[in-house]
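Listed after this line are the structures, all set down as structure tokens.
One chain, chain A, links the two complexes that follow: it is found with chain B in the first and with chain C in the second.
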Partner chain A sequence: MLDLINVSYDTQIPNNVGLSQDKKVLKALEKWHPGYINWWNDLIPQNFQESLVYLRTAVSVDPKGWAKFDYVKMPEYRWGVLLAPQVEGRTIPCGEHYGEPAWQEVPGEYRNMLKRLIVIQGDTEPASVEQQRMLALTAPSLYDMRNLFQVNVEEGRHLWAMVYLLHKYFGRDGREEADDLLRRSSGSEEAPRMLGAFNEETPDWLSFFMFTYFTDRDGKMQLESLAQSGFDPLSRTCRFMLTEEAHHMFVGETGVGRTIERTCQVMKENGIDDPYDTAKIRDLGVIDLPLIQKKLNLHYTLSLDLFGQEVSTNAANAFNAGIKGRYMEARIKDDHQLKADTYTVWDFEDGKAVQKEVPALTAINMRLRDDYTKDAAGGVKRWNKIIEKFGIDFEMALPHESFNRKIGVFADRHFNPEGQMVTGAEYDKGLPEWLPTNADGDFIASLMKPCYEAGQYAGWIAPPKVGIDNKPGDFEYVKLHMA
Partner chain B sequence: MSKRIDFQTDPSRYRHWRVEYDGEVANLVMDVDEKGGLFDGYELKLNSYDLGVDIELADIVQRMRFEHPEVKVVVMQSGKDRVFCAGANIRMLGGASHAHKVNFCKFTNETRNTFEAAEEDSGQKYIAAVQGSCAGGGYELALACNYIMLTNDSSSSVALPEVPLLAVLPGTGGLTRVTDKRKVRRDLADVFCSVEEGVRGQRAVDWKLVDEVVPNSKFAETVQERAREFAAQSTKATGDKGIELTPISRSFAEDGSVSYSLVEVAIEREAGRATITIKGPEEDAPDSTDALHAQGADAYLLRVARELDDAILHLRLNERELGLLVFRTQGDPEKLLAHEKMLLDNADFWLANEILKYWKRVLKRIDMTSRSLVALVEHGSCFAGVFAEILWSVDRSYMMLEEFDGDNRPLATVTLSESNFGTYPMGHDLSRLANRFWADGAEAEKLRDRIGEPLEAEDAEKLGLITYALDDIDWEDEVRVFMEERASFSPDAMTGMEANLRFVGPETMETRIFGRLTAWQNWIFQRPNAVGPDGALQRYGTGQRGDFNMERV
Partner chain C sequence: MNQPIKQHLIDPEICIRCYTCEMTCPLEAIEHDENNVVVDASKCNFCMDCIPVCPTGSIDEWRVVNEPYSLEEQYEWMELPEQEDIGQDAGGVEALDDAMAALLAEAHKGAGGKARAPATASKPTVNLYNLAKPAEAKVTGNYRLTSDQSDSDVRHIILDFGAQPFPVLEGQSIGIIPPGEDAQGNPHLPRLYSVSSPRDGERPNYNNLSLTVKREDKGICSNYVCDLKPGDTVRVTGPFGATFLLPSDANAHLLMICTGTGSAPFRAFTMRRQREAPSARNSLTLVFGARRAEELPYFGPLKKVPEEFMAKHFAFSRQEDGPKHYVQDQLREQSEQVAQILADPNGHIYICGLKAMEQGVEEAFKDIARAKGMAWAEIRDRMRDEGRYHVETY
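Right after this comes the complex of A and B.
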């Protein structure tokens, strides 16, 4: 009898899918495994590979107590294949097959569409590890370094999760796609990652926090909608991935929050009330709030682009096929087929941005993006609470969705962060106030000095309120290997 | 779609393509202006195309030959990131009338054939340099090139997704070229044409879908290297100086009649017909290749070809209710033959060759025109040599026999020239004469000893060069009755009957495209599974799949 809650370690690959009895897939995965390990080993600088990192490893898919914490060398991390438990009698939650029993095998007619979705999702997972590979060299603390590595190994595991689906359900094509997931590489001229945003380097820790807050949240939304898939194995995989993804967003939100907190604290200590007195603030070695806002503007808008065109045939097809749902599909009160519904999207008429109603089925991306914006607003509110507590007159805000867009109806037009259309000249003039400049980047880079003492933090960031796994403040989250 | 579609353009008006001339290599960059659609209601996203985009391409290919004979290799590539070309614009197709779709496909097919043949005809080799997705009509563009290079970035692919995605065929030569030209084995072609996402990397080479895959980082460099190599291997003469294709002279009358300098299109709307009258040359033939070059676009046979070509295209697209096209000529057959002879004698001179090859294409365009075609060989006409080909392109011909009362024009004759025995082959590679005589080349060859002899109606009829010779008593009535009868038949049955009877004998890739592939595509274009309100083509973009009637027909 298979134990589908607790993770089985009887094969090289931890899993709760009965791999030891599925020789064919096990063989395929074992063949893929060395390539993955090589990828990992070539990626992360050597001394970190040898270091002992206090990581959580999934041991169960039971929402209560699914992980255990321990020191582990990253290459020895037990990446595994973990699916949320099967829900008895689950039905397809949306589209033309609404209400039919969920698919346990790939429906032939949707095989290619499913494969493409899985490959695109899979391609982003290793990409972010590649983007972040150098960050440990400038970690502001061992606590943060540990969080970075936790995010990295879990993104690695998410790659595994997608590769398992490809191996298990997509035959030879799937195996080739799985190989290509290791062949493509972020920023590579030879074979870049599929989505543009995943080919940009993550140059510093504030970028990393912004990335995990904003871009990983796009990942969360995509996983949320894939968790609604009528293809049950994909749904179960994504549901478990979401458990892990929550931590990544936590790292982002608290990272930005701690940066803000430290800035406010230093301003207060030095009697600075004006958040725009940036020269003085920067001299004190902390990142001024307007610059944090600029970073926010950048990462939020790049992440909006990841949702694709507002009106999208692919998204409509996927929804109607029942292989990708909406955020919280089950809680939405409608026919789940969108036969007659409309949804409001932006468009351009006579050079003006206007909102208009389009068939809701074609606006699936737009809806998910709107849900994303609502979801992303929560953290911004909490960041403002921190500023408010220090009595500083400054408020972070999400820019308007039209600002700085490269994809969708706003692409290649000039808008300011408030969403007003501006001329090219006004745009160029405003840009240094709206997005980080090279000088801003240089300044942030100048602060990126490693701080490897247990319990110590770089000067630009405040310590966390609570430790990971409730460990005390001076806990050594990474036992660095000093070669 | 009532606005007049104009097939005349020039580089100053291009919105979708640009050409960078670099000595013997030309870089042809497709960079479609999303907002530049010929009609409202769709955006040309992802380098997708409509008729307007293709009209520009046809113009470029034509100018490449006449204005840039120094070019030996043309590199077709995309100006956009991550997409080579997404093919014909689906929303445009979804919104277009059946007739427009058919005409659109025909014109794009002719354009593909034109640049495909450029290597053999003009020594201009087309390379497709594919980066990004290359799907449907995009891959069909590449297929018509003489060499396909694909980047190996693990996401760029070639694909024919029409069947799974839209429930139509890759109808711009796709299905046919994959097997007949690229020699993809038919079962692999079956796999390829059923997979929406296509094939990438080494497998694309293994399956012969592309000639070469190149590492992404070396792609641009390798493409230019290959272009230089091909240019160096070319046997085309070096350093030819082009001529300018100046704007043609054309005016439209209120009733829709069109006047060119050498071609008149008279429209009789009630009768459903257009009469195309071609004027023979007045001036003598140029006496040297230098003189021909100096005449440039004004050289008689080039000018008249351009005008006739434009007239045919205009009638096809803009005058769809004129079901009968009547061809007439007026002029001195000897002078015409002298012009043609000058070209035939100097066929190794690039411009003479280009003009002859252009006539081959124009005559094919007539063969492929789905209207009832008739030629009237009247007194004073010049159906000689190249113009005689028209007689064997059309469905029937009527010739004036003996003198007509009160008509002092020279007696109607038909004169054969050397060119009628192979200079202007049809799509199935036979001369029109061979095609006329049951694809029997020997039968046609028997006519060789009549070359140069002005054949009057009785002889012409006896030799089978015309349908009927009619004298003054019968002419008017017979011609009238024929035209009235023709105009009363079902246009669909006419198109079908004529398309079948016009081509006798063997098939080539070209006739398989225009015959088999196009006929099936046009059938599918009528079927509810594609174009019905719940068909895949209509539903494309809505997220809903086509609702198919599963009955096999």
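Right after this comes the complex of A and C.
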């Protein structure tokens, strides 16, 4: 019998989908594999490829087996194809096919829509590895370097997950799309990644933490809604990816939190109470809280753009088709078809932003974005607790969703972070207080000095409260290869 | 009387509210509001499915309580409450049922004070199953370890727990309930046996474990266990024990001293090290006593463990062609290395076997310490308080 829980290593590609008995797909994937390895090898600086990294690998998709820790060289990491166990009798959770048995094969009428969703999701995975490829050179600790690499290999595995679906279910054009996922490259002139936010470089570690907190959280929300897909293989793939995505949320939340903690600590040690005394604070080698707020403003608003237009027929079609559900679809108590429901969205009328009711079906993106904002606000609250503990009078906040937007009804209009419309002149004047300036970027860059001693941390960031896999404080998370 | 129970909790200061645990929990025992993610003590069955999926480690928190914290209380928390003093040291609640706790207290008495777990030991699960609600394990193997000529019958028993969660750490014990009743017509109480396999199973990633059991003349339980056949079902309680555990730190140097079936926990320790840190060198020392080589459990496999992975010193007290040799004699012969472990802040000593071995071993330590100008009683008390000196004798 086929063992669909434990990971099989009988092919080059670890998997729990019985690849060894699926010759055609196996062959296609094996053909794709060398290109992937080349992509990886060209990406991350060589001495890190040779280093032993304490990584987590899944040996099975049940809770007991998916978190095995061991030292491994990244190119030897067992990238594989892992799907959550099939749920007996699962039905399509939303849309016009609500309640029908979930599809095990691609439904012909939705083939293109499905393929496009998978390709867009797949495109973001390698993109973020590309964006973060140089960060290890300035890692504030071996602990953080390990977390970066864990994020990287898991993004790599998520690419595998999407490529498997393309190879298995979409024939020749699926294979072509899979090849294109390796051909496009973040920031490239000729062949950039599909979504704007994924063509920006991640220049420093605070950006990385903000990226994993805000942008990967968009990824999480997208995966959550794809996990609700009526196309069962996609749902199972995304459900397993979500368990890995949680680690990325963790890296982001604790990374920003530790940066805040260190700033507060150094302020207190030096008798600074005013968080806006930024020159003095920066002289002490830590990142002032107002600058952290500016980074937050930037990354949050960039991530909001990833949700697309507030009112969208594409999103409505995907929901209606049962291809993409809502966040926690199964737990929502309604007809799951949105026949008569409405939802509140922002619109622009007579030069003013107004909220109005639209058919809920067309507001699927908006709803997911609202769920995202709620989810993102939780961590901000916990960051504020850190500041409060130190008795410093400062509060981080998510900016209003109208601020700094490039997509949707607010695009390219002038709003301040409180959501008030301002004139162009006011906007230009306020901008250096709202978003990081070049000088801010230079300052952060000046702090990015590697700290490669086990148990040591760069001066701008506090050590974590708990080690990975319960390891003690001085654990050597990466055994660096020194050429 | 209200028995204290162990309660599973989540540390709200570390948790990032990803709700992966909630999605994973097969019993829907985990839920959340805007503040916290909480565990319903009335639903949680300690299956541990949520532990590895947590990206933060915040989920691996436990408190022993008389009255479990309600969901409402947990929702209000900004931080996890300290373990309350409920008359037991929570760092080492060895068992929640009194009879088992008493047995273990007796077994650990030889350490000369309150036993503590090594600082880096994993957190044990205790008393998941009890007499009222035992686990059912299936026997999948029963092999004689001593030679056929020997009058000593020591057996290697493998138990499989199937789909029942049975998280056990190296050094912990389980209770076996022999069938039938005692002279007063009461059901037999469970007997304790040390687990001799590592935490991930006798076979990696199988939900099984092994025991090392010696057939005792007229022993109700040992005869029952030694006569088990593959396919038989056994009722099991536990796991028990929260101090005689393996430090996670692979650099910790362990001196393991045992006789006979006292080797069981050390087989588990060694296998864990082999699986986790196969390249570790010179950090395990075993001193193992038996009457003859033929009666020493696991003598064959032990000889195959490379000396640099584990230094092995055997003492035979009834060998025909040699003088009587006991574990304490071996300790004295290795006094230089033993003294090094005594002085090493990362040195751990474990003693397991018959009560009769305690005195001789203590005397040897005393002499070795004295020769180096150290006071054994002080070293022992310090090591014990630091969770580095462990005795389990019966």
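Rule of thumb we're sticking to: the second predicted complex is superposed on the first by the 481 of 483 C-alpha atoms of A that agree within 3 Å, B and C clash if a C-alpha of one lies under 4 Å from a C-alpha of the other, contacts with A are read in each partner's own complex, and residues count from 1 in each chain.
Criterion: contacts are C-beta pairs under 8 Å (C-beta built on N, C-alpha and C of every residue); 3 or more make two chains touch, one makes a residue touch a chain.
Please read all numbers here as calculations on a predicted model, not as lab measurements.
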item	value
Touched partner set for A:Asp412, first chain B, second chain C, both or neither	neither
Which superposed partner A:Asp350 touches (first chain B, second chain C, both, neither)	neither
Which superposed partner A:Thr362 touches (first chain B, second chain C, both, neither)	first
Which of chain B and chain C A:Pro472 touches, first, second, both or neither	second
Partner chain in contact with A:Pro192 - chain B first, chain C second, else both or neither	first
First, second, both or neither for A:Glu88, with chain B first and chain C second	neither
Chain B versus chain C as contact partner of A:Glu96, first or second or both or neither	first
Of chain B, residues touching chain A in the complex	152-155, 164, 195-197, 215-217, 540-545
Complex interface listing, chain A residues touching chain B	96, 112-113, 115-116, 180, 183-184, 189-192, 194, 313, 315-317, 319-321, 338, 359, 361-362, 364
Residues of chain C touching chain A in the complex	13-14, 16-18, 20, 23-24, 34, 48-53, 55-58, 60, 78, 120, 122, 205, 248-249
Complex contact set, residues of chain A against chain C	6, 59-60, 62-67, 242-243, 246-247, 249-250, 253-254, 375, 378-379, 382, 385, 465-468, 470-472
